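In what follows, subunit A forms one complex with subunit B and a second complex with subunit C.
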Partner chain A sequence: MFSFKKVQRVITEVLELEPEEVTSETYIMRDLPTESIDLMEYGVGLAKECGISVHDETVFIKSLRLHMAEAEDRGLDPVTYLMSKYPHLSAERLTEMISTVHEGPVLQVRDIVAYVDHAKRH
Partner chain B sequence: MADIPIHLSGTHACILGASSDLGMAIAHTLADAGIELTLSACSEQGINRITLAFPAATILKLDMKEIAQYAMTDRASELDGIDSPDYLIDCMQTDFEAFIAGAESSDVTSYMETNISGRAACLRHISRMMLGKRFGRCIFISSTAAALPNAGQGFYSASKLAGEALYRSLGVELGKRGVTSCSVRLGYVQSGRGTDFLEKNPQTTGRIPMARAVTAQEAARSIAFLLSDDAQMINSTTITMDGGLTACK
Partner chain C sequence: MRNRVVITGTGYVTSLGTLPETILHSVQQNTPAFRTSEHFSDCMECPISDFDLTQSTGRWKNKKYLARGAQFALASAIRAVEDCGLNTGHFENAGLFTGTGPNFDIGTDFPDVQGGKLDNDSLAALWMLKYLPNTAASAISQFLHIHGENSTIGTACSASTQAIGEAFRKIKDGYLTVALAGGGDSRLSHGGLLAYNKAQALWNNWGEPTGACRPFDAERNGFITGEGGAMFVLESLEHAQQRGAHIIAEICGYGATMDAQSMTAPHPEGHYAEQAVKAALAEAVLLPEAIDLVAAHGTSTQLNDQMEAAMLERVFYTEDTSRTPQVTALKSWIGHCAAASGAVELGVLLALLAQGIVPPVRNLTAPCSENIAFVTREEPFSGSHILLENFGFGGQNSALVMRLWS
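And now, the complex of A and B:
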C-alpha cells in the first residue's frame, strides 16, 4: 500500500490527475493519457520518490512483445522466459499479460508497484 | 551607459570541462552572480586549477570515456556526484587533430567514445534530473568548425555536430517540460588552444570582419545571457558567435 501511494502520487503529479483516477488496476497506456515522454517522467519520479534505481525498459515492460517473440523463436516456455526478463512480476501475472496482450498495452499500476517493491528488496 | 540586468531563476549550474579558459570564465561570471557551481575536469591538473579558483564549488573528476563504458553496463559512475543542476554548460572537449584517412583507428574510437558517447551519457543523466523538477537550461559549446572544418578537424567537427544534434533534440523533447537547450558555435577564441593557434597563425584574424578573436569574457557573458530566463525561447537551435567569420566567402 505504501508503494502504491508513491506510484499513484508520481503518476497523478505528472498527468495532473486526482488520486481516485489512478487505482491499482488502472492500465497505464489504455486508461490514462500517458505519452512516451510521460513514461520517462514516471521513471524519473519513481527514482526520486522511492529512492530506487529505475530501468525504464523493465518497469514499463517496453519489450514485452519482443521477448514473447524471442521465447517462441527459441522454443522456450514464454512465462519462464519473461520471468527472467521481469523478475518483479509473478508467473500468474505474466500468464495474464500473455493472454490479454492482444487487447492492447497490458501495463497496470500494480505492475509498477511490484517493480518498486522488488527494487527495494534487492 | 544603460545597464539591462539579466535574470536567472535557477541557483545551481554544472559546467563540464570547467578547467578550460572558457569554462573558467563562465564559472567566474556565474559565481559573481551568486550561482552555486558544480565543476568538472578530466585531469588532475584541471581539477587543481578549478579547486584553487573556486574553493566553494563542488568539484568532480569526470572521465567521459569511463562514463560511456559505465553506461554500457548500467553501472553507477562519477555522474552520481552531480546534484540536480538548473543549468548545464558543456565545454567538455578533448583535443585530437588528424586526417580522416591518417588517424589511428583506436584513437578514432576512443575520441568518439569520449566526445560523443560520454557526452550523451552525461546529458541523459543530467536532463533526467532536470525533468524531475521541470526546469533546466542546457548550453553546448560548439565551434564554427562543426560546419567549416579545416583539414585535420574532421573528427572534432563530427563530435561537435553530434553534440549539437543531442542538445537540439533535448530541447525538442523536453521543451514542454521546462528543459530547454541551445548550442553556441564559437569562432576563434582568445583562450586556451585558441590562443596558441592565433599566436602561430596571426593572419587568421584578418579573415574576421571584426578583425579580432572573441574573448573568453565576451563568450562567458553571452552564455550567461543564454542561460537567463529571457533567453529560454532560444531553444533547440544553434547560435554563431564568430565576429562574422563564417559569413564571409
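And now, the complex of A and C:
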C-alpha cells in the first residue's frame, strides 16, 4: 500500500490526474493518456519518490512481446523465461499477461508497484 | 495574388491586465506593476502577479515543459482564437509564427550547481523542453490543432513584431489564409535579471518604482524588465468578410532590417531602423504624414532613445512635413517584455485605442527632443494609422504600419 501511494503520486503528478483516477488495476497505456515521454517522467519520478534505481525497459515491460517470441524460438517455457527477465512479477501475473496480451498493452499500476517493492528488497 | 490582411482576434496576458477594461483602468489610475525585484534589491521589475496557465488550458500534463514566456504565449493564443470567433477546426491549415526568447530561469532548474554538475532529482526527464525556443509553438499547435506553415523567431526584442510581419507576408502573398502570430517572454527570473544587470541595461536609479522607466526623458537610464504575451489572429480580408468577422485593424506594411553594427547597441544614427520604418510605409503606400500615432520602441536607455528620437525626427518631423504623428512608448507602462515586446505593446495599444484612449509616455518631463509630439497625458484618439517600432539586441529592426478598422 505504501509503494502504491508513491507510484500513484508519480503518475498523477506527471499526467495531472486526481488520485482516484489511478487504481492498482488501472492499465498504464490503455486507461491513461500515457505517451512515451510520460514513461520517461514516470521513471525519473519513481527514482526520486521511491529512492530506487529504475530500469525503464524492465519496469514498463517494454520488451514483453519480444521476450515471448524469444522463448518460443528457443522452445522454452514462456513464464519461466519471462520470470528471468521480470523477476519482480509472479508466475501467476505473467501467465495472466500472456493470456491477455492480445487485448493490448498489459502493464498495470500494480506491476510498477511490484517493481518498486522488489527493488527495495534487493 | 495579393491579399489584404486584417487582425480579427487578439489575446494577451499583460501586467496591466488581460481584458481591455482592466488595461484601461490601470492606465487611468496610473497603476503599472513596477516594483523592486525579489532577486536583486537594486533592480526593478514589472511582473504579472496572478497568472495561472490552468485557467486557460484546464488540466494539461505538458504544462511542466513550458517556460513562463511559453506559458504566456499559449494562454494568449487560446484567448486570441476565442476572440476571433473561429473554432479550432478552422485552424487546421492556419500558420503559426511565434516570437520567443531564451529561458534564463536557470536557477529554478539548477539550484545547487557545483563544479558544473547539473543533474538533480527535481529535473523532469524532458527538462530540456523548457529551454527549446519552439516549445511554445509546439504547445500552441497541440492545443489549437494548427498544421500549417510555421516559424519560431528569435530576434531578441524584435521577435514578436517580426512574427506578426512574417505572418502578414504569408497571407498577403497567398501562402496562407489564416495565421496566428505574436509571442511570449519573461526575464523576471534570477538568471534573467542577472543577465541584464551585468549588461548594465537595467534602470539603476534609486527612487520610487513608479518614477522608474522614463522613455525619451533626459533622466532616463535603463529599462525595467517586464513579461507577458500576446497573440493575434490574422486572416485575409476576403476570408474575414466572407465569414462576417469582427475586424480590428488592417496590417498595411512591414519592414525589417539589420544594423550589422554591434552585438547589443543600436546603430548610432539609426540608419537601418529608419530603413525598416520607411519600408513599412512604402509597403503600405503611405507618406509619413499619414501616420497618426507611433508606438515607439522607447526602452528608456540612453542609446536606444537617442537613436530612435533622431530617427523619428528625420522621418516624421522635417520642416516640410505638413502633418506629424503623436508618439507614445508602452514600455513606460509594462516594462520591457523582451521577445514579446512588440506583440504585447500592440495588444495593449489596440485595447486602449478601441476605447478611444492614447496612453501617454509615463514620467516624461524633460523630453530629449523638442520637435517630437510625445503624448504626455492621456488623450483621446480619433486617427486611424499607427506605426509600431521594435529594435532588438543584435541589430534587428522591425516596423509595422496598421490601420484601425472602422
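Everything below uses one rule, namely that the second predicted complex is superposed on the first by the 122 of 122 C-alpha atoms of A that agree within 3 Å, B and C clash if a C-alpha of one lies under 4 Å from a C-alpha of the other, contacts with A are read in each partner's own complex, and residues count from 1 in each chain.
What we mean here is this: a residue touches a chain if its C-beta (ideal position, glycine included) is under 8 Å from a C-beta of that chain, and two chains touch if they have at least 3 such contacts.
Please read all numbers here as calculations on a predicted model, not as lab measurements.
Asker: Could you tell me whether subunit B and subunit C fit or clash when both sit on subunit A in the superposition?
Answerer: Here the two partners, once superposed via subunit A, clash with each other.
Asker: For A:98, is the partner it touches subunit B (first), subunit C (second), both, or none of the two (neither)?
Answerer: Neither: A:98 stays clear of subunit B and subunit C.
Asker: Can A:29 be said to touch subunit B (first), subunit C (second), both, or neither?
Answerer: In the superposed model, A:29 contacts neither subunit B nor subunit C.
Asker: After superposition on the shared chain, which partner residues are touched by A:83: those of subunit B (first), subunit C (second), both, or neither?
Answerer: neither
Asker: Figure out whether A:40 sits in contact with subunit B (first) or subunit C (second), or with both, or with neither.
Answerer: A:40 contacts both subunit B and subunit C.
Asker: After superposition on the shared chain, which partner residues are touched by A:55: those of subunit B (first), subunit C (second), both, or neither?
Answerer: So A:55 only meets subunit B here.
Asker: Looking at the overlay, what does A:16 touch: subunit B (first), subunit C (second), both, or neither?
Answerer: After superposition on chain A, A:16 lies in contact with subunit C alone.
Asker: With the two complexes overlaid, spot the stretch of subunit C among 96-104, 204-212 or 384-392 whose C-alpha atoms clash with subunit B.
Answerer: Among 96-104, 204-212 or 384-392, only one stretch of subunit C overlaps subunit B, namely 96-104.
Asker: Looking at subunit A, which of its residues have contacts with both subunit B and subunit C?
Answerer: 37, 40-41, 43-44, 47-48
Asker: If you look only at subunit A, which of its residues touch subunit C in the complex?
Answerer: Touching subunit C: residues 14-17, 33, 37-38, 40-41, 43-44, 47-48 of subunit A.
Asker: Sort out for me which residues of subunit B touch subunit A in the complex.
Answerer: Listed in rising order, the residues of subunit B that touch subunit A are 74, 128-129, 131-132, 173-174, 176-177.
Asker: Quick one: in the complex, what on subunit A touches subunit B?
Answerer: Spelled out, the residues of subunit A in touch with subunit B are 37, 40-41, 43-45, 47-48, 55.
Asker: Can you check the complex and tell me which residues of subunit C touch subunit A?
Answerer: It comes out as residues 59-61, 63, 121-126.
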